[in-house]
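The two complexes that follow have chain A in common; it is paired with chain B in the first and with chain C in the second.
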Partner chain A sequence: MATIQFRDIRKSFGDTDVLKGVGLDVADGEFLSLVGPSGCGKSTLLRILAGLESQTSGSVMIGGKPVDGLHAADRDLAMVFQSYALYPHLTVAENIAVPLTMRRLSRAQRLPLVGRLLPGCKATRTEIGTTVREAAEMLDIAHLLDRKPGQLSGGQRQRVAVGRALVREPSAFLLDEPLSNLDAKMRVHMRAEIAQLNRSLGATFVYVTHDQAEAMTMSDRIAVMMEGELLQVGTPDALYDHPQDIRVAQFIGSPAINILPVDTDASGAIHMCDMATGLRAGGTPIEHLGVRPEALIPCDEDGFVVGRVRLIENLGSDLFVQLDAAGVPLPVTVRLPSEARGRVKLRDVMQLTADPARICGFDVAGKAAPVVAIEKVASHV
Partner chain B sequence: MSDAASLSHAVPKQQRIARPERRQARAGIVLFAPAFVLLILILIVPVVVAGILSMTDYTLGRPSIDWVGLRNYVDIFTGSSYRKMIVATVLYVVLVVPASVFLGLGAALLIRSLNVGQSFYKTIYFLPVMASLLAMAIVWEFALHPTLGIVNRTLAMGCGTPLEWWPWFARGCAEGFPLWLGDRDYALYTLAFIGVWQSFGFNMVLYLAGLTSVPSDLYGAASMDGVKSGWERFRLITWPMLGPTTVFVVTITMIRSFQVFDTVEALTHGGPAKSTYVMIYAIYEKGIAQNLVGLGAAITILFLAFVMLISVAQRRFVERKVHYQ
Partner chain C sequence: MTYRFSTRQTLAHVVLILGAVIVLLPFYVMISTSLKSPAEIATGTGGVFGSQALFADQTCLTLGGSKADCLVRPVLDNYTKAFTEAPMWRYLLNGVIVTLSIFALQTLVAVPAAYALAKLRFWGRDAAFALVLFCLLIPVHAIALPLYLMLAKLGLTNSYAALILPWTVSAFGIFLMRQFFMTVPDDLIDAARMDGMGEFAIIWRVMLPTAIPALLAFAIFSVVAHWNDYFWPRIVITGDRSLFTPPLGLREFKGDLGGDFYGPMMASATIIAVPLVVAFLLAQRRFIDGITLSGMK
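Moving on, here comes the complex of A and B:
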């Protein structure tokens, strides 16, 4: 069990900066997801942590000790690869046993044929066999131990890869997009299993994915990366409700957040297409408003988004309605409860408003900025 | 009712137009026939003719042919020069195959580990493969010349140095270094050396291609699993993953070594004392130079049997163990 710290990690390939100074702390036993679009450097960061690549500058600490320059084998980590990286010529049992044979048997004992005659080898091998079987039973792959990886399905290979990682009881698990080669149903299933594994083992998990849904469902905390920078680290709730950057807001959540371009006048009042929104900037001028589809509420008057219905998606439990709204380049999505079925029709004009507490404001640089409601008192006087 | 009507339509239609399976089968036969005929004419018929000729005493230009049954084969297995032929051929193969396969693998691994100069070394090692072996043989003949050659003159420079502690070297200094191609004890080994020199570049290219297909994630996984030394990495991943390549390389090298001819023809003519009298050279000498077509054909059939044996062994026993799917 161990904590992990990244201290200002930089990595360049030639002139390309892949990581531009990443600092991140992972708590002991925590499930942390590194999420971001492909090419954002999240896999590189994981490989630097694993010791498979070296950083250009900065430092990595595991359990409080710097591990820079330490061989991957000596970092007491286990990794599950996107391709699973199983040894195709070894059986499932042999695959899972590799981390144990490499550590528990001496170099001489590992020699083919001769090694088996050395003292202590047989006992250790029996011991390894027992451990492998226990791990396999835990993952429900005990009946596959004699097969070769080529004879297994994607989900089974995935389990073998997990088995090979956990058999050694490492202090932390690194998972590099482990579910991306599985079909949708299997992915949902394995998602739950991996989260369960984190709780039952109590080990630190660092999980890399480009799928925000995986990150949201499994993690204790999520670190969102883009273009080599860490944009925000926080719990799934914090990221969803209070994104610190417009790119985080757009990346997290499905369907995506509605981004509404707005203007802030000299008094701080926020207008959308010259219409007052009833909001004002709490500090820096606001350039965009972000509203989640479920935060938008249909209303009869005073709505700050007005649009015509262009598409209705009926999911049974919910209704997603897309509107073409004036002044918004992309369609605005609103989530309605299933009771609204039949009440909304194509080409209807809808007015929408939202609870100011659930509206995120972003300044010209795309950073979060406070938004407050203008007191309605003035209009009553 | 409409069902019945459509059924009654369908039946006569089926009789007029052949079913698609049948049509496809017919097209298949038409398409594969030319290849099949060529295969028979170019590959099977010559072998059968050679097989028949090997049972006769046919010589080119002589009007009569006599059926001699298996006598040509009996001659091969009882005559002393023929026994020398088998020994020379097998020894050559046994020397060249492991050396050129492992040198090829070693060169490929070393080149892969380089950051710069990969193509430089690839070109250097591949040069002997591309060069005409006959032209290269002349270079070797000069280099190995007993008195003027660079090999023996270089060795002679070592006389009087601590190298003389090596008895072989001391004898060379006292009585002269070997004649190489002119010495029955050295000639075959010298040819084998040239054979290795010539062929390992080819194996290196095959291994380089094989290495590119090893997923790099496997090396990462091995590092995580505790593999630290290069040797362990080679044993756990590289060697097993190169299995299919190795089978192919060994088979190709074996067949090519069985076929060695040009160096023998250019440098030794099968001598001295038939110590380099390899099979293809024997076929050439008997069947073409001496016109003993029947005997030449018998050696050819024997040669084909050897090659066939290697191919079958490759398919039956080895290939199954190196493809892991």
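Moving on, here comes the complex of A and C:
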């Protein structure tokens, strides 16, 4: 159980800056996801926390104490790797036992053959065996304890890797894309299990993934990273509803948010393709509007997006309709309830509007800027 | 299933069979000779197994035995002489001591060195590896004389140390193990570090067990080379017969003035070759069902 703090972490490999000053606090027992496209530095940040890589500058604290000079083994962290990294020559039981034997047995007691004759060794080994069995039962892999990793399926290997991490009750768990080698069904299943594990153990989890769906479903908070910088840290809701950066808005959510290029005139009114949107900038001029597919509502008149239907995706529960809208480079996606099935046809022209509270505005630098509705009264004057 | 005649395949097999015959012919001569009487060897008769007719042993007659007493069966006589005329067990034991010590020490040096060259980042790593490759190009015979002089200065000639120490660092072993370690995923090493292992624990507890197939391949090269080596033992073991390795033991039968002893000599050669053949057959199985890295992907 521990808090984790990153203070202005920088990391360069030669001339490339991989991390450009990352500061982040993780609360005790929190499930924090580091999410971002590949190459954004999230794995490097995790490896710096683990002690497998050293930062160029900055400081890492675990439980309030700086750990910068400390070896990976002395940081009391456990890590689950993308490739599981199980020892191929050891059985499942031996794999899970490794962190315990390395810590609880002395160097002499670990020696092959001779070690077993030393006093106290047998008792400790029995104790380790019990702990391993408990961990295996918790993860439902007790029947696999005598197998070698080569004889296990991907999902089973994943559980063994998790077992090896949790067996010694570390202060925090680091997970580096642990689900990306699993098939889709298994991934959804393990997602729930890992989130459940976080709640039952009460330990701090730092979870690295490039899959925003994993981050959204499992985390207490998400930290979005891009190009070595932390763009936004917040709860899944906050990130989804109020992205601080246009890149965060585009990264979070599936299907992706609709980004509409707009102009802001001198009075602050926002126009799209010279059409009034009924919105004005609350502060800095707006360059883009972001609207989630489910925030768009079909209407008969005064819609600020007009487009022709180019594709209808029927998911059963929902209907995703893609429109070619004037002035928008990418197709606009609208989510409609399943009742709309059959009512929308290809090449229909649709008008769309949205609740101003659910529209995100972004300025020229891509940062979030307030958007407010123009009062109806004002527009008649 | 029908088989079609293919000129290409036939030709390939004819070439392979010819190659096999050329390689196996000396073994055939060795085994066949070890079964025959001196007369049959001298005249080139007796086919593969010899007639196995009793003959009077020359040494026995010279020592004054009657002809009836001295009658022996060629195959028994050759193989008995191999053990009685020379301390063959002692030579075999020496061979085992020397080859196993060399292999153990080579592993002790090569595995950590290969780990460092494959997985650790340090200044001059590539240059160090280039030097290892360069060492592969130096023939043993080129450095034999300086090596001998050094051992002589240290007073180590005519000892096990002279047979073992010059071979403890194997550039080939380092190279082979390094190439294998390059294929071991970095995650495995990081996982071991997280689990609390130091670098040496990683080498012996993680890298070595995963490298068993590569180590076996190296063991075959190393053991065969040093078990069969005649050149180096011949240089550093000059007097003491109790230090002779098996190939040196063959010289016991080279005859000089006492006549020729091809039968017992070939019997010794056969005895020397057998352990290697057996060891290879055992290792071959381990090669196939050895630990693979498949558990990590």
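We adopt the following convention: the second predicted complex is superposed on the first by the 378 of 381 C-alpha atoms of A that agree within 3 Å, B and C clash if a C-alpha of one lies under 4 Å from a C-alpha of the other, contacts with A are read in each partner's own complex, and residues count from 1 in each chain.
Keep in mind that, in the parts below, a contact is a pair of C-beta atoms (placed from the backbone, for glycine too) under 8 Å apart; a residue touches a chain by one contact, two chains touch by 3 or more.
Quantities reported herein were computed from a predicted structural model and do not represent experimental measurements.
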Chain B and chain C placed together on chain A: clash or fit? clash
Task = Have a look at where A:78 lands relative to chain B and chain C in the superposition and call it first, second, both or neither.
result = both
### Message
A:121 in the overlay: touching chain B, chain C, both, or neither? Say first, second, both or neither.
### Response
neither
- If you stack the two complexes on chain A, which partner ends up touching A:87: first (chain B), second (chain C), both, or neither? both
Between chain B (first) and chain C (second), which, if any, makes contact with A:218: first, second, both or neither?
neither
Overlap of the chain B and chain C interfaces on chain A comprises residues 47, 50-52, 71-73, 77-79, 81-83, 85-89, 98-99, 102-103, 148-150, 164
Per the touch rule above, chain A residues touching chain C in the complex are 47, 50-52, 71-73, 77-79, 81-90, 98-99, 102-103, 148-150, 152, 157, 164
Chain A contacts chain B in the complex at 47, 50-52, 71-73, 77-79, 81-83, 85-89, 98-99, 102-103, 110, 148-151, 164
Listed in rising order, the residues of chain C that touch chain A in the complex are 185, 187-188, 190-198, 201, 206, 209-210, 212, 291-297
Given the complex, residues on chain B that touch chain A span 215, 217-218, 220-228, 232, 236-237, 240-241, 243, 324-325
